[in-house]
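In what comes next, chain A is part of two complexes: it sits with chain B in the first one and with chain C in the second one.
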Partner chain A sequence: MKIGNFLVVTLYILFLMLPIYWLLNMSFKPNSEILGGITFFPRNFTVQNYVTIFTDPSWYMGYVNSILYVAMNTVISLAVALPAAYAFSRYSFLGDKHLFFWLLTNRMAPPAVFALPFFQLYSSVGLFDTHIAVALAHCLFNVPLAVWILEGFMRGVPKEIDETAYIDGYSWPRFFVKIFMPLIASGIGVAAFFCFMFSWVELLLSRTLTTVDAKPIAATMTRTVSASGLDWGLLAAAGVLTIIPGALVVFFVRNYIAKGFALGRV
Partner chain B sequence: MEKTRNNRAWFMVLPVVALVAFSAVLPLMTVVNYSVQDTFGNNVFFWAGTEWFTQVLESERMHDALWRQFLFSAVILAIEVPLGVAVALCMPKKGFWASVCLVLMALPLLIPWNVVGTIWQVFGRVDIGLLGWTLANLGVDYNYTQNPLDAWITVVVMDVWHWTSLVVLLAYAGLQSIPQAYYQAARIDQASRWKVFRYIELPKMKGVLLIAVLLRFMDSFMIYTEPFVVTGGGPGTATTFLSIDLVKMALGQFDLGPAAAFSLMYFLVILLLSWVFYTVMTNSDKAGKGA
Partner chain C sequence: MALTLQGVTKVSGAETHIHPTDLTLERGGMTVLLGPTLAGKTSLMRLMAGLDRPDAGRILFDGRDVTRLRVQDRNVAMVYQQFINYPAATVYDNIASPLRIKGLASGEIDRRVRQAAGLVRLDEVQLRKRPLELSGGQQQRCALARALVKEATLVLLDEPLANLDYKLREELRAELPRIFADSGAIFVYATTEPHEALLLGGNTACLHEGRVTQIGPTPEVYRAPVDATTARVFSDPPMNFAPVRKSGQSLDFGTGAFPAGPLSSAPDGRYMAGFRPNHLHITRPETDAMAFNAHVAVTEITGSESFVHVDWRPPGGEPARWVALAHGVHEPPLGTEMRVFVEPRHLYLFAESGALAAAAPYATAA
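Up next, the complex of A and B:
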């Protein structure tokens, strides 16, 4: 590799890593050291911030809540998106292009527009402050995303496979589960990853729709503001813990990540 | 692929339509409802016609937010797209290091948006943040909570940090699809590095770059969480973008009518942009098939 290229990439990654390093660094310091001045490595190394999070239910329940609604959302999104994506990739039907476009507009819709009506809709049906409410709300952008990604992958599977399976006497559901789904397993994995991720990083809707019982970790983090000022160490530790799920699974989808972000169109 | 004409495929799409209709059409109708009505409380509503629309269209506040929003989107596009392409061109083509680069670069994209805000809120502080502290020690008078320009720079740098990798990933995927033979032909013709970029790489990346630009434009157009956490829209209204203003109006002041009218117009802009996006996408699909 040329030295210039190496320099550009290294500098860019350094720029990306510096703020994360600083957060990590802070999360291992007691507040006195954070406020006492700049230290590049924790002098008084402590895991107290993490201990606080893992022992206080009002903290760790935030993670549980987030994981619950994210998981629900991923399952719902994939369950409805799989047959729909198959239909879009295999058949032409009345209004298919308009429908596909309409789905896209929902992925692009600003959550801010939906915050207030969602609040009222879910309050009126008695789902306010439940996990399922957030999971359903996040379907707004995750279902279209899943349909688009899956359709992109399904188009790559030759149609002859479908026809051969019919000749062999497979019924459609059996063909879909036994033959088709294994063929697009990577696509399903990528779609699941992106549903998980976009639900995990979203805050505006999940915060609007919850108060106590289903409060996501992202909203819990605002709790660190107290009478004695901000608890920076705790805030940093909570932040670090929210980065971990994404960082753990990104390795598996590294080759498809561009496809996912481009809604299945690369 | 030749598609079979089959209207019964609608049955497979039905669950998606039902679900999205519940979570999109229903709420949107509420918004439409509010945008043409007024209330004195107690859930008594009466027809207000286009009053809210004219009010919002004429309000200084809306104009300012819109203007700030366009400026912000333009600035981050002008930085992120060239930077992203440059980094993608410099990345290793394959092997272990390419994977490492991809994973590290994707990391900011996977961080919850309010944590992104928190990271930069801390990072930019003069007393406890590395960036703020370094700038202060270099003698730069930097304070993003007081100085509007500093707040702007912080929000822009944060967005560059957060989303440039998206452009890198897409451009990289585009570069990967160029057959080696193209480069060999260029070498035989003794084409310069610039000409290789201009006549081989750029045309081949055109499709993905358009997608990248549109995605970045739309997502930056509805940015909310990150600047809200860092600056809260301030100082004053210096970084109050459209979404921040809208949430302030709807959930903060409960001005339902104007907020709803605002929402609808906001949504129409997004609809228009989505249509451009869709056209570009489907056209590049067709081009991909031809190649």
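Up next, the complex of A and C:
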């Protein structure tokens, strides 16, 4: 029985890891070997693909652009969502429940729906092909999500803590930063992770709203067809480098991620 | 030097949480707010603290109107039933937090934190821990120390001992008057337990459904409740009641008439007779005691005492549940008929409106 369980789990993990291994495998091979047949280990081991990415601005600027707008989006989303989530968790006002639910419905439309209005709007106000344009567009999806996650975490903090702080003499902003934010630090981490994750993997809006100056890495990867055909090894190396930031961020919030998926309501 | 509430009212939606209330609390004394759950104790405290605004009425502090003053600008401290501390900060920083906000010098802060910690018996090791690493009793001591250190003029304690286990509660309750003795502040202590009010002394304000039914020195309120509601609130187990018709020298309970004895001078009429559980006997105390036939419903035995719950049914009336407090272990079989006894000298007579009409001389003895 025990061996059976072990076997199933091992097979499942192997199955999940296979494409990632294959990507890694390819990234260390020259194109001739990739196209020449199946090899399970790189015969002609090379780091040339990675060198190209780190030396060619048209490649590494893709990462810089992606990281820039993802960071901007995460900061804006949290800055907006923190006070909003606090209001939803602490006060009751006219239509609060409807507004709260309406926020989530923003996530129910596919991003493609918004590609056209954003493209036209940003073009007309001169925001086209800027980092802030992509960051703002992603806010449409990330702010509601962050509000929901943070509200769940905030609800877990008794209201009496707020009142005790006011009685102690704290003003609201000081209380919020000094007392409240440390209490929901894990929630902020999880919300930041979800913002990061969505913004990092989203391709359609970021590709539509950029051309050169703010072009994200994912767009660079999908457009790389040179005169000599596809550069498999280079693309594989780019893919590996694209996985790494996500893996790093997941590592830091690994203990809270289940609570995040439950929108803080565990 | 006092906190004065003038016609303070709190309404929430269609519900009135606090009916217009006039109350004056003097400095240097402990006032116990006594009432069952949902009587409005917490609502009243929140109004006093400034956490909620009254819908009508004024709150004066030493003659100054503070009704519209923010809670940050009032010099109050509050301890909740739940152990409320800042979980992310150490116990030391928790206690120091109101002083840091005031911007005191660090030497002064350190001196006062240690003084307060000493009063509530938190030692050096505990000061360095975080609140959630402490036991419940110690967490509440931390909250008490934070209330102390501020030297507030109004200290509100909202059932601070209710979440503690029996032993810790007794221990901390005995210490509370000592802890707050020298501060000269106005203390308000909310509790649901009558014996807690009696142990703490001071003044007691009885609350029932958002109304203060009576306020006065605790033993006086206990001995001479102004109405049946106060008597019911300030008695644990609750006071026993029986409808009675008084005429001339006799008290007629329907199941038998008894000599009125010390209550002979009360005007004739219909009353609700009240007597405390410790005055309802299961053995005949003396010859002039009134005897009733009742049926045993429940018995609770604490060891040194037994609470015998009996049902007494007046002819044609609703059955009444009475509780008799008896010394030692008594376990009468459930459902059996049993004679219980009350002496006329232990009776209160309440008018049909609920107001106290007459009290026999020994009813007030305890």
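As a working rule, the second predicted complex is superposed on the first by the 260 of 266 C-alpha atoms of A that agree within 3 Å, B and C clash if a C-alpha of one lies under 4 Å from a C-alpha of the other, contacts with A are read in each partner's own complex, and residues count from 1 in each chain.
Here, a residue touches a chain if its C-beta (ideal position, glycine included) is under 8 Å from a C-beta of that chain, and two chains touch if they have at least 3 such contacts.
Treat the numbers as computed from the prediction; the structure is a model and nothing was measured.
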Chain B and chain C placed together on chain A: clash or fit? fit
Between chain B and chain C, whom does A:Arg43 touch in the aligned arrangement: first, second, both, or neither?
neither
**Request:** Name the contact category of A:Val113: first (chain B only), second (chain C only), both, or neither.
**Result:** first
Practice task
Could you look at A:Leu183 and tell me whether it touches chain B, chain C, both or neither (first, second, both, neither)?
Solution key: second
| said: For A:Leu121 in the superposed arrangement: first (chain B), second (chain C), both or neither? | reply: first
(Q) Touch test for A:Thr208: chain B only (first), chain C only (second), both, or neither? (A) first
Apex chain A angle, CA centroids, chain B to chain C, rounded to a multiple of 10 degrees, is 90
*Between chain B (first) and chain C (second), which does A:Trp232 come into contact with in this model arrangement: first, second, both, or neither?*
first
The chain contacting more residues of chain A, comparing chain B with chain C, is B
After fitting on chain A, the minimum C-alpha spacing between chain B and chain C in angstrom comes out at 9
Both chain B and chain C touch chain A at residues 158
Touching chain B in the complex, chain A uses residues 1, 4-6, 8-9, 12-13, 15-20, 22-23, 26, 34-35, 38, 76, 79-81, 83-84, 86-94, 96, 99-101, 103-106, 108-121, 136-137, 139-140, 143-144, 147, 155, 158-159, 197, 200-204, 208, 218, 221, 232, 235-236, 239, 242-243, 246-247, 250-251, 254-255, 257-259, 261-263, 265-266
Residue set of chain C touching chain A in the complex reads 49, 51, 70-72, 76-78, 80, 82, 84-89, 97-98, 101-102, 143, 146, 150
In their shared complex, chain C is touched by residues of chain A numbered 158, 160-161, 163-171, 174, 179, 182-183, 185
Listed in rising order, the residues of chain B that touch chain A in the complex are 1-10, 12-13, 15-17, 19-20, 22-24, 26-28, 30-31, 83, 86-87, 89-92, 97, 99, 101-115, 118-120, 122-123, 127-131, 133, 161, 164-166, 168-170, 172-174, 208, 211-212, 215, 218, 221-222, 224-225, 242-244, 246-247, 250-251, 256, 259, 263, 266-267, 270-271, 273-275, 277-278, 281, 284-285
